[in-house]
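Presented sequentially are two complexes of chain A, the first with chain B as partner and the second with chain C.
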Partner chain A sequence: MNSRSLKQLSVRATVALWIIFLAFAVCIGSLVRVAIIDGEEYKLKAEKNQLLDTKVSAGRGTIYDANMNVIAKSASAWLVYIVPSKIESDEQRKQIVSMLSETLKIDEETLTQKANRDSNYVKIAGEVEEEQKNKIQDYIKQETKKNKKSKINEIIGIDPDTKRYYPYSNFASTIIGFVNSDDEGTAGIEKKYNSELTGISGRIIAAKNARQSKMASEYETMFAAQEGSNLVLTINEVVQYYLEQSLNQAITDTGAKYAYGIVMDVDTGAILGMTSKPDFDLNSPNTVFSESVLEDLEKIENEEEKKKEKQNALFAQWRNRTISDTYEPGSVFKTVVVSAALEEGVVDLNTKYTCTGSIRVADRTQNCWKLGGHGTETLTEGLMNSCNPFFITIGQRLGKEKFYKYFEAFGFTEKTNIDLPAESVPVPDVTYHSLEKMGISELSSSSFGQTFQVSPIQMITAVSAIANGGKLMQPYIVDSILDTDGNVVKKTNPVVKRQVISEKTASTVAGMMEKVVSIGTGKNAYVAGYHVAGKTGTSEKLNHKGFYIASFAGFAPADNPEIAILIAIDEPEGAHGGGVVAAPIAGEILEKVLTYLNVEPQYEDSEMKNISSTTPQLVGKTVEQAKQIASNYKIKVIGGGKEVVSQTPAASSQIRTGGVIVLYTDETAAKQTVEVPDFNGMTMSQANSAANREGLNVRFSGTTNSSGVNAYKQSVEAGNKVEIGSVITVYFKTSVNVEDN
Partner chain B sequence: MASGRNNKYDNFDFSDFEPRQSSYERNAARKLDTAPKSRPSGSKPNMKLVKRPKKSYAQTKSDMKRANLHTAKIIAISLVLLVMMSALLYGRMKVDELDRQIQSKKNELSVAQSENVRLSMKLDSLISLKNVEEYAQNNLGMVKMENYQIEYIDLSGEDKATVSGEKKVKKQTQNKASFISRFMEYMSK
Partner chain C sequence: MADTAARRRPSGRSGSASGRAKKKNSSGGFSKYLAMGSFDVPFLLLVIIILTTGLVMLFSASYTYAYYNEHGDSAYFFKRQLAFAVAGVVFMLLISKIKYEYFKLLAYFAVPVSLVLLVVVLIMPARFGDFHRWIYIGSFSFQPSEIAKLAIIMYCAYGLEKDHNLLIGKTVGRTKISKLIMDYSNGRIAINDSFVKLCWYGAVILVTAVLVYAENHLSGAILICGIGVTMLFLGEVKKHWFALIVIVGVIMVIFFVMNPELLEKYAGSRITAWLNKDYEPLGARWQTNNSLYAIGSGGLFGAGLGNSKQKHLYVSEPQNDFIFSIVCEELGLIGASIILIVFALLVWRGIVIGIHAKDRFGALLSMGIVFQVGMQTILNILVVTDTIPNTGISLPFFSYGGTSLMMLLAEMGIVLSVSRYSRLTKK
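And then the complex of A and B:
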C-alpha cells in the first residue's frame, strides 16, 4: 500500500469518524430532548397509548330522616346523546326523534330542534333508567340488522350517568334541595353538605390490549372510590308530614301566597319539621308547579323575558322562606320585650297600665289595635290582649340600651348559623335599628314588633329560649354523618350560644304565654289536655301596604316544654289576624305532634266535660238489657235477633253523653252507612245535633272553652259515607277576642 | 494440493466466494479512475486451505452421534419452550376471558343494584305517609287514632281488678276450691 493510498484511507477514516460522531451526537441530542426536555410529554403520550385510565365515580351519600327513612338516594343510570351531524337523511332524523320521544317521554318538537342542530354532541336526556336504555339499544340493534351500512350506532350514544331518587317528591323539598346534571348539590342540604355527600372518585389504571380494552388484572392498579357519607337529619318524617299537610290546607283555606312553619326541639335546637309552601317536586325541580305563576308566564310573549321570568319563578319556588326571608314579627316579638323587661326588673307581674286606645310618642300618636282601649290591665293581661301602648311604655321604661342588649342577646342581629345555605343576614339600619340610630320612635315601634324584620328561624330560636329556661340554642338540621358501613363519623352536639334570661324569668313568661292561649288572643291554638303557650302576631308588610303576615309562635306543654312551633301565613285573603288564621293551624299541628311524640294529655275538669263518657260493654246482652244499661245514649238496633252480637262504637270508646250506640243483633246483618254532614260554621250544639240526627257521634277539638266558637274543619269530609255510630272529630275556633296587631 | 478427500474441490471456481466490490467502490472507481484494475479472468486466486486433522471412523461416528444428540436437545428445548409459550398464551387468554367475565358480572351487579334502588324508591314513594293515610281513609274507611281512644289506667292505688258489665268476680279461694273439687271428681271417675 503506497503512501497516497494510506493518506486517502486516513482522510476517509477521519470523515467516517466525524460522520459517526455527528450521528451519535444527533442521537444523544434527540435522546436528551425526548428523555429530559420533552420527557413528560412523551411519557404522558406513552401512558395514554399503553394504559387505560378509568374514572370510578364515588356514589353520592344517602339522606335519611330521624327515623332512618330514606329521603334521597343515588343509583347509576344512563345519559343519552345524539350526533346530529351524522344523521344521513330527514327520514332517519324523523325516525330517531319519534323513537326517542316515545321512549324518553320528551315532546317531539324539542327533540326535532335538537336533532336539527349542526353539532357533534347534543345531550338528549340524563338520568335515563335501565328499561329505557334497553329500548334504545334494541332500536339500535334492529336498525343495524336492517341496514348493515347504517351509522345509527354512531348517531345515538349512551354514556353512564347517575340518578338521584327522592321517593317522597315534595316532602321537605325546600330543606333537602337537589343536585344538578353534574351530581353537585344545588340547594338545601344537598348544597350545604355537598362535599360530605360527594365522596372522592377512584381510578383504575390498567394496561390496554389490542382491542383497546383492559388487560388482565395483574397489570391493574386500583385507587378505590371513597363513597360519599350518609346524612341523618333531625327532621322527623311524621312531624314534617303533619306540618306540610296543615300548611297545604292553610294555603287552600286562606288563599295565602305563602305559608311556612318550623317545629323545633326546645332543649337541643334540633329542627323536627320545617317547610315553606308552595314548594316543588324534588324529582323535577326545573318545573314550575304554581298554576298562577304558569298562567303569568304564558302571558309573556317575549321569549327572552319569559325565560328570565321562569328562572325567577324557579328561584322563588326553591327558596326556603323560613331561613332566607325576613318578616315583621309583630306581636310575637312582645314575648321578647316582656322577657327583657322582667329580667331587668323594670316591670313585674303586678305592673298595671291603663290603655286608652292610643299613646303619644314624640310628635305622633300611636294607636292600639283596639281603638277603644283595653282599660286597666296587668302585665299578663297586657300580653294576653297584645296591647300596643302597654308595650310601647315597657320599651320606653327599658330604654334603648337595654332593649338593644336583649335584641342582640336573643340573636336578632346575627345569623342563627343553622346548617342550611342562604340564611338571611341581618343588616343594621336596614333590617333592624342599630343602637346608634335608634330614637324614641324606633324604640317604641320596635317594642311591639314593628318597623324591623327578623327571619322565622331567628324568631323560633328566641321563643325556644323562653321555653327551655333562657338558653339560646343554635338550630341544626343534620343530626349525624355516617360512613358507608353505618358508623357515626360525626355527631352534632347541641350548642348553647348563651344564657339570655334567667330560668325564673323564662318560667314566668311561659306562664304568661299559656294564658295567652287559654284565654287570650291565642285561644285558637288551644289543645285540650295539653297546656299550650304561645303568642299571636299580625304585621303589615313594610314594602307591600295592605298585605299582612299572620303568625303564631309557641311551645307545649307549657309546664315542661318539649317542642316549639312557628306558623306564618303570608298574605292571607280575608281575615288576616294571627289569632284567627295562624293559631288554629298551630293548634292542629301541636295536637297531632304531641300525640305522636307520646306526650300524655292531662285534662282539666272543665275539659273532661267536653270530652265524653265511656261506652258500656253491650255485646252478649239482650236488647232490653242493653237499652237499660245504656240509658244515657241513643240506641239504634239493627237485625232481628234478641241478643247483641256487636256494637258501634266498641265498648270503652269515649263519646259524648247522649251519643249514638248502634247494636247489631244479627251477625249476617249488613253494616249500615250514612253520609257525613257538613259541620262547617256550626256551633258545638248544632254540630252535636246534626251528628246525632244522622246516627253519628261527634268529638270536639280545638278551642271549645270560649264564646263564639264555630266548626271550621272535620276529620271525615262532608259527603263521605261512614258506618253508622262512627265518631267524627269536628274542629272549632273562635273569632271573638283573638284580634291583635 | 488437492489430494484425498479434498480432490472434489479441484474443479470449483473460488472466485465466486470472493468478496464482491461494493457499489461505493465501483462508483468511486468510475469517478476517480484510480480504482485497482480488476483481476484478469482465469488467474487463480491466492488461496490457503486449512488442513483438517484426520479422524477415525469411530471418532467421526461419535461426533455425529454427539451432533445428533445436540440437535435432539435443541429440538426438545424448543418444544418445551413452545409448550411453555403456548401455556403462557393460553393462560393469558384464559385470564383475559375470566377478566371480561368478572367485568360483565360486575356490570350486571351494578345494574341490579341500581334497579334495586329504583324499585325501593318506588316502593317507598307508594307507601309514603300521605298515600297510606289517603288509602286508609278513602278506600278502607279508617279513622286516625285520636287521644280520646287512649285509656289510661291508674296503678297508683291497691291491686284490684274491675270487670266491665255485670260479670261477677268469684273470690280466688272459691275458684281454687272448685278446681280442687273438680279435680277430685275427675280422679274418682
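And then the complex of A and C:
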C-alpha cells in the first residue's frame, strides 16, 4: 500500500486519537474530582468505616465506710441482647423466648414482645450474672451443634456489663444512693461523686477490615481506661448501725411515719451516721418496700396513675429527709436563741423571769405549754422547763436585727453545703422570716422555734457549733478519695465557716444543756458517766395539723464534746413529746456510740451506786479465796470442786456492786441457764430484785437519777434463756417532767 | 530493512513453527510465514511497563482478599497472574514473529467462531449469579466476549480493506444485495453499495453486541459497539452515515439512562445506583462507594505502595474491576495519572504504528487493538470514579484474569507484528 491511499485513514486516526486523549483527560479530571475536590469527605468516610473504636469501660470506684468496710462495689457482669430481625422462624422465636425467660427470670410476655420487634438490637437484660451468662452460652453452643447453619450466635448477643453490689443492702441507703442501668449514680453519694467514681473509659482504636476484625496490630492505638476513684466515707459502720437499729425500732414502737437521725463529729463536721427511715434495699432500689404504700398502690386501678404513684412512692423512699426535708425545730431552737442572748449580753445566768402561763404579744396572748406557768425561774431553769414566755421575752430583748444576725450566723439561711445531692434550699419568707418582714409576732414565735422551718442537717450543725466552742462547721460525708492503689488523692479538710459565738458562751450554753438532760425535759437522754447535753423539741407540723415532730438534739460529753446527735420522729402515734419519744432513743445511741468510740465515762458519785464495779478474776482461786475476794458480791458456786475453773460474768465485767457472780468448780458441770424475766415497767429496785431472784445481773441504762423512772426495754428479751450470772442491760426512761412544747 | 523483509512474498510449504528460526533470515522453508525486521521497541517497552506495574498493583491489591478467600494464600492471585503474564509475553513475542497477513485467514473464521461461542456460553450454566459470561474448560475459563472483541477488530480490518473502494465509492449494484434489489425492482430501487456494506458490517457488530448483552454483560456490549464504531470510522465510512451512527448511539444511551427499568434487572439497578447516590449503600453501591473512599483516601500523593486500607475487604474483589481505586489510594492522583498517561502513550504508539503500516489491514488491526485497550481503560476509570454506572469492566493488564491477559498480550503481539512492517524507523 502506498502512503497516499492511507492518508484519509491517518486523518481519521488522528481525530480518533484526539478523542481518546480527550477521554483520558476526562478520566484524570474524574480522578481529580474524587481524589482532591471531594477527597477529604471520602477520606473521612473511609476512616469512619475503617476505625474499630472499642470502648473499654472503667470500673466504678468502691465506697468504703470509715473503717474501710466495703459499702458499694462494682463487679463485672453481662448484658444480653437479641437481634430479632435475624430470627428465622416462629418456632425458633418461641424457643429463644422460653430459654431466656427461664434463665433470666423475665416473664415470657415481655420477652415475646421484644422478640417480635423488627429491630437489629433489643436489650434483654443488663447486670446478668456469670452463671446465667454461661447458661445462655451453652444454649447457643448446643443450637449451633444441632444445626450448623443456625444463626443463633448472631441472634443472641452477650456484651460485658458491670453490676453494682451493696453488701449491706439497706445500710445507709438514703445517703449512699444507687446507680441506673447506665452505671451512672442517680441518688446520694453515687450521684454527688459520680464523676470521681466513674473514672474515664478507655478506647482501643484500631484499623479494621470490612469483616469487623482488626487489620493489623501496627495500626492499633490504645487509651487505657482510668479506673474510678474510691471513696472513704466519714460514716462509721458501727455508729450507723446503732443509729439505724434504734430508729427502726422507734418506727415500730411509735408508729411514726418517718424517723431520722444524724450523728456528727462536733469538731470537724464529719457525719458519722445519718439515716432516714424507712429506707430501701440498695440492691433493688426500684422495689417499693413499704407495705402500706404497696397496699395503697394495689388499690389504684388506673394503670397510668398507678405508675405515677409508684414513681412518687419510690422518690419518697429514696429521699434523704435529713437534708432534703425541713421541719419546725421547736424548742430545740431555744439553744440557739439563748446562745445569741448570752453572746449579746441581753441576758445572763442570773436573769430571772416569772412565767404566769401566758404572755401578751402584740394583740394576742401566747400561752406557755404549762398551764398556770412555771413561776419564777432562772435562765437555766427556763431552758430546762422549755418555757415559751421566757423565750419570747428573750427574743424581744434581743430584737429582730440581732435575732436575725444569729439566725443567719448559725447557718439557717443557707445550705450547709454538705457533699450530698438535693439539699433543701432555705427560702426567705417561705421557710423562714426575712429581717424585712419580721414583725413582733414572728420574732416571738421564732424565739421558741415555731413558724419557720430548718432542715435536720442545719439544726445539728448549729448544735455542733454550741458544742465545739462556737465554730459553725461545714458538714461532710466523704473523708477521702483514694486512687485504685489506695493512695489518698484528696482528703477532706474540715471547713470552719465562721465563729458564731464565743467559746465562753458556748460552754455556758453547753452547761445549761447538760442540766436539761440531767434534771430537765431531756432526762430520758441521760447516759450515766457521759454528761449528755441536749434539748428536746416538740412541734406541731405547720402543714399537717394535729401531727407532731418529736426531736432531740444534743451532744456529749458536755465538758469536752465529741459527738452531736439529732433524732427526729416524724408523726409518732400516741405520745409525741420530744422528751418522751426522741430523747430515750438519743440516749441509747449515745451510750452505745460513746462506748464504741472509747470515750472514757466519768461517773458522778450519785451514779456510782447504780453501776458497777469491775468483777475480779476468780478463776484459779479456791472457792474460799474467791468468796473472800468477792465479798461485795453474791457468790453462787456450782460443782463440787475446790478450785474455780470458770466464772460468769467473766473477770473485768461491769456489774452492780452486790450483783451475782457464778463460780463453776467442775469443768464438766453444765452451765445453768435461766429464763430472763420481763422488766418492762419496773422501777430500778424492782428490776434489781427481779434479776437477783433469777441469779442474773442487771445494768441500768438511761435516766436513773430522777423520779418516775420505769424500764422500757431490755437487752435480752423476756423469756429467752441465758446463763445465770449474765448481765442484762435494762433501759429506763421517765415520763415525768419531760414535756415541753 | 523492514521494507525489504516486507517485500518477501510468502511462498513454499509450511513447516513446523519454531521461534528459534527468528535469527536466521529465510533459511528454513517455514520462514515465509515469519515476519522479518525489528518490531517497535517503544511499544514493547510501554507494554512491559504497564504489565509490570499491573502485576505489582495486583499483588498489593489482592493479598488481603486472597488471604481470606483462598485459604490463607496471600499470593494466590499474584502467582497465577504472574504465570499467565510470563506465558503471555512469550506468546506475544511468538505472535509478533508471524506475518500479520496470515491473520486474514483467522479473520474469515473469527466472527462465526465467536458467535458460536457467544451462543454456547448462554447455554452453559452460570457460576456467578445470573452472569453467563464464562466458558469453563476444566480449570480454565475464558470470556467469549474477549474473543468477540478481537474477532470484530480482525473481521472489520480485513473486510474494510477488502471493501474499501465500495465503501468510499458511489457505485450501485456492485454488491450482491444491491444487484439483487436492482434486478427485482427493475432498476427502480438503487441502493448504494457503500450503504449495503455499511449495513453489513453494522449488522455483524450489532449481532455480536446483542449476544454479549444477552450474557448479562452490558459493558461488554458497549465496548463491542464502541470498537465497531471506531473500526467503521477508521474504515472511512462516509461522514454523514457516521454522524447518523453517533446520533443513534447517543439517543440510545440517553434513553436507557432515563429508563433503566427497561434494561435487564442487573444493568438497570446499576444505572439506578449511579443516578441515586444513596441507593442500597450496602448493596449495589457498596463497591462504588468504597472505591470512592479509596481514591479519596489516596489524595494527591497516596498512602504508599502496599498501604491501602480499603483493600482490606472494603473494596470487594479489589483484584478485579476496581483495582484502579487501590492504585489511586496507594499511589495517589499523581501515580494514577502517570499510569493513565502511559496507557495513552500506548494508544498513541499503536496509532502511529498503524498510520505507518504497510497496508490498510495492518493499520486497522493495530489501531483497532490499541483503541480497544484505550476505550476499556477509559470506561474502567470512569466506572471507578462513579462517572458512569458500574457496568463491570476490567482494567487491561491490571485486573486479574489469566486468559484475558493472554488475549491482551496476544493482541499486543499482533501490533508488534504490524510494527515490523511499518515505516517508523525510516522517519
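Brief remarks follow.
Definition applied: the second predicted complex is superposed on the first by the 578 of 741 C-alpha atoms of A that agree within 3 Å, B and C clash if a C-alpha of one lies under 4 Å from a C-alpha of the other, contacts with A are read in each partner's own complex, and residues count from 1 in each chain.
The definition used in the following text is that contacts are C-beta pairs under 8 Å (C-beta built on N, C-alpha and C of every residue); 3 or more make two chains touch, one makes a residue touch a chain.
Just so we're clear, the structure is a prediction, and the values are computed from it rather than from any experiment.
Of the two partner chains placed by the overlay, only chain C lies in contact with A:10; chain B stays clear of it. Once the two complexes are laid over each other on the shared chain, residue contacts for A:669 go to neither chain B nor chain C. More residues of chain A lie in touch with B than with the remaining chain of the pair chain B and chain C. Of the two partner chains placed by superposition, only chain C is touched by A:40; chain B is not. Of the two partner chains placed around the shared chain by superposition, chain C is the only one that A:49 touches, whereas chain B remains out of contact.
In the superposed model, A:297 makes contact with neither chain B nor chain C.
Applying the stated contact rule after C-alpha superposition, one finds that A:617 touches chain B and leaves chain C untouched. The interface of chain A with chain B overlaps its interface with chain C at residues 209, 215. Taken together, the chain B residues at the contact with chain A in this complex read 92, 95-96, 99-100, 103, 110-111, 113-118, 120-122, 124-125, 128-130, 137-138, 141, 143-144, 146-149, 151-152, 164-165. Those residues of chain C that touch chain A in the shared complex are 64, 68, 168, 230, 233-234, 236, 289-290, 292-300, 309-310, 312-314, 328, 332-333, 336-337, 340-341, 343-344, 347-348, 351, 354-355, 357-360, 363-364, 367, 371, 374-375, 377-378, 381-382, 385-387. Considering their complex, residues 69-70, 73-77, 129-130, 163, 165-169, 171, 209, 213-218, 237-238, 241, 245, 529, 591, 595, 600-601, 611-612, 614, 616-617, 620-621, 629, 651-654, 699, 715-716, 720-723, 726-727, 729 of chain A touch chain B. Of all residues in chain A, only 1, 5-6, 8-10, 12-14, 16-17, 20-21, 23-24, 26-28, 30-36, 38-43, 45-47, 49-50, 207-211, 215 touch chain C in the complex they form.
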